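Next come two complexes built around chain A: one with chain B, the other with chain C.
Let's turn to the complex of A and B:
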């Protein structure tokens, strides 16, 4: 089981990767720094990715365009998406939820917040 | 009876407000409570009973006399809730957002209430009522679920007047911010994993450099909207990382920078050097904050990342401190401990403690300063040695005004810049004796270094009576290097000449006797000065001499030289 982390800040990737490795050592983490990289990672993946953490603040195409891409693909639309944002931008979060996101996290998030959200989708 | 009116037949109400009360009690409550109390159904319309206050405040129903008026209390039933709360064309967007949120609330049983509640887009509204002034109403929502407990059937809306509370909260927040800033640096740094800290410092520094570069170029770009978005994203990243790592101060300043950027993003066509300034200042603040973090990290963890040749190695400088001074400091600290040991602290004791610590701080700060003379002492010999090496004659270098006390780090960095400037003056400025005599000048050249203070700035001038800058030669060299074309060469202004002289391409070019001009090392000097937040100027009288003038802010961490341009440029002070 793998988690795809779509996030352009290396610092944040390290933080999230660390949190996942601590509590779910068997879960792999794939990093993507742009929407394009995410698309490639998903195309190359063979049903290993079971959860996507998506940062809305990305260079180039916004994170939400990835959600449209997922919704349009039969194979990908079942993968749950958790959206991450540095602000509690309510309008953005409401849009993301309406686009099909299953939850959101705002930075700074505590380990407990991430754990709580991940536990909904990863096997304990 | 109340149960029937509200349509609660057999339903499970979490708040239970109407479940057990008899109708008389409920009506009395709703008639007199100074709160908005109402119910919203899944069709987003008001249902059932609501408080009279709600009708008065939202529905525009006139305040009734003493007798509870059942009509007034029913006035809102059937009305569309978003319309009620946010009427008018100017609030259409907010109204739609509220509607979107309410739809999520009623439709998404897979989401926890906590998750949804956080996204409430309309937590408060301001109401002006004639005779009652402006009031802040804060809204909270309680979900009332159906029998299986999963689907939300209606929302209980509660609105309270929180005007006073808001003012109090703002005061407390301001006070907390002040103390937080001082505490969080060391504490947060200690808590962090070193590799993450290193990554964070390095990444943030890079982002700041990139932003500064873009801001400098912004007024000249055709597509500003794109550049502005890029700048915004970088600020946003810094803010997110800072908050994730507990660096509140940096997070807050990054947020303030985002706010400063908003007006520019709204009107990209209006962006010019003036409009960019406030954002530049905010970014400069971020730069200073990250420097502060790096300083502490250096000492605490040894985690300062490599920052490249341009900045040079970070040296650990030493300052001489007399034993007497150290003992005086020790006494101050011991005094502070003695006062702090009294428990509980009286108001007097607190004041004394604060004063003792302040004095200790000031005394320690003063140790970090040295008279400028220490920096300038080396130059006469340096000039003499260089002159001899080059076969030129130079009088004893005059040093003017060395008493000023300046932060030791500043002196160190300034020293590097000055070495380049002074060498340049001797090497390229001062002519050989024969040439000087032919011009009617004294055989030996003269170099003067003068330092003085102007308000909060340190002003350093390096003057020579050499050949000055030959603009034609500069232009020729620039053409030869492909930096400008012939047309441009004919109309160069002094600022542009300075820019050429101090551009890296210029100074690394090999020099020949014909086209040797000033410039070796000047680009390094200029960058060093500008990195300190200062300004670099060059004035020349061809044939008569040259003056390089530096303005540098004195206080480390103080605001930049007033109007220090982000876009590098010269000019006289």
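Let's turn to the complex of A and C:
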């Protein structure tokens, strides 16, 4: 199984990737820094991506537009999305959850909170 | 506001002390040398420097040394000289410097000192309490991302429209309110903090990863602080952070927008949060 991390910050990708590599060494990580890169990664994937971690504040298109893309694709719409965002705006949180996000984690997150959210989807 | 008079001449020292007394400026210190001046300077001082070393530009090194000792604070300098003031260039110096050619007009010098002592922009527009969400967000963000304890050390209104640093994360704020949030670090502190974030000792100096980490820190701080201003005249939106790096780089502010600086201590170093925020028209 693989996790697609859609996050423009290299640092944050390393933090998240490092945690997954430590706690779930059999799970692969794919990084995408924009919505376009995420769409390309999903198009190239052969059902390996089982979870998406999505930052809303991305260069170019907003991360929430990816959720519209997922919802419109039969092959992708069941992949759970966990939104990770620095924006504490409740309206944004509601939009993300209404768009189908299965969770919303605010930055800076406690490592244990991220671990708990990941465990929901990565633990058998 | 501390005024530091720097002169080797007793006669000129008496002249300047009398000028300051007549201007009701009371917190005055005297120094007989540049080295002594650096040691007596407080975090917030104006230096009145009497300098007649023709061709001797040690006073410029002095200005730079003061900036290195107090990287985030505003020190201003009034240089009194017998040399041709118009031939002395100050724009490359990391501080507000005015050159006055002797003979001096006491009223002119007094006006200059009073102007240099005033905050930049109209401070009435900015409520100091508006900085509290940013202070809380900075503490929470740095502690959560690095595991290090961070403490607020100082808070003041900026007098200089410029900010200097080695690496700065800059976030533009737009919408009902507008302004900027800048987080500035010395290079070695930024490297250590980003290394703590990714749990790896970084040895390459300020590279793309450190710049990215600084950008992410200011992004998280801005996003966290934003929620406190919802439905107020200071509500703003954030975009994407930018990062400016390069020892002693300078960032300027929008004309007239007051700026508050908060200096924090962490891991044996200091970083500075600089907030310039102007309310929307409905305020």
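List of remarks:
Throughout what follows, the second predicted complex is superposed on the first by the 123 of 124 C-alpha atoms of A that agree within 3 Å, B and C clash if a C-alpha of one lies under 4 Å from a C-alpha of the other, contacts with A are read in each partner's own complex, and residues count from 1 in each chain.
One rule holds in what follows: a residue touches a chain if its C-beta (ideal position, glycine included) is under 8 Å from a C-beta of that chain, and two chains touch if they have at least 3 such contacts.
All values reported here derive from a predicted model rather than from experimental measurement.
With the C-alpha superposition on chain A as described, chain C and chain B clash in the combined arrangement. Once the two complexes are overlaid on the shared chain, A:36 sits clear of chain B and of chain C alike.
Counted by residues of chain A touched, the larger count belongs to B, out of chain B and chain C.
By the touch criterion stated above, A:57 is placed in contact with chain B and with chain C alike. Residue contacts after overlaying the shared chain place A:68 against neither chain B nor chain C.
Applying the stated contact rule after C-alpha superposition, one finds that A:86 touches each of chain B and chain C. Within chain A, the residues touching chain B in one complex and chain C in the other are 8-12, 14-15, 18, 57, 59, 86-88, 90, 107-109. Those residues of chain A that touch chain B in the shared complex are 8-12, 14-15, 18, 57-59, 86-88, 90-91, 93-95, 97-98, 102-104, 107-109.
Taken in their complex, chain C has these residues touching chain A: 140-141, 144-145, 194, 197-199, 208-209, 212-213, 215-216, 219-220, 222-224, 226-227, 230, 238-240. Residues 8-12, 14-15, 18, 57, 59, 85-90, 106-110 of chain A are the ones that touch chain C when the two sit in their complex.
Residue ranges on chain B touching chain A, taken from their complex, read 97, 100-101, 103-104, 108, 110-111, 115, 118-121, 193, 195-196, 199-200, 203, 230, 233, 236-237, 239-241, 243-246.
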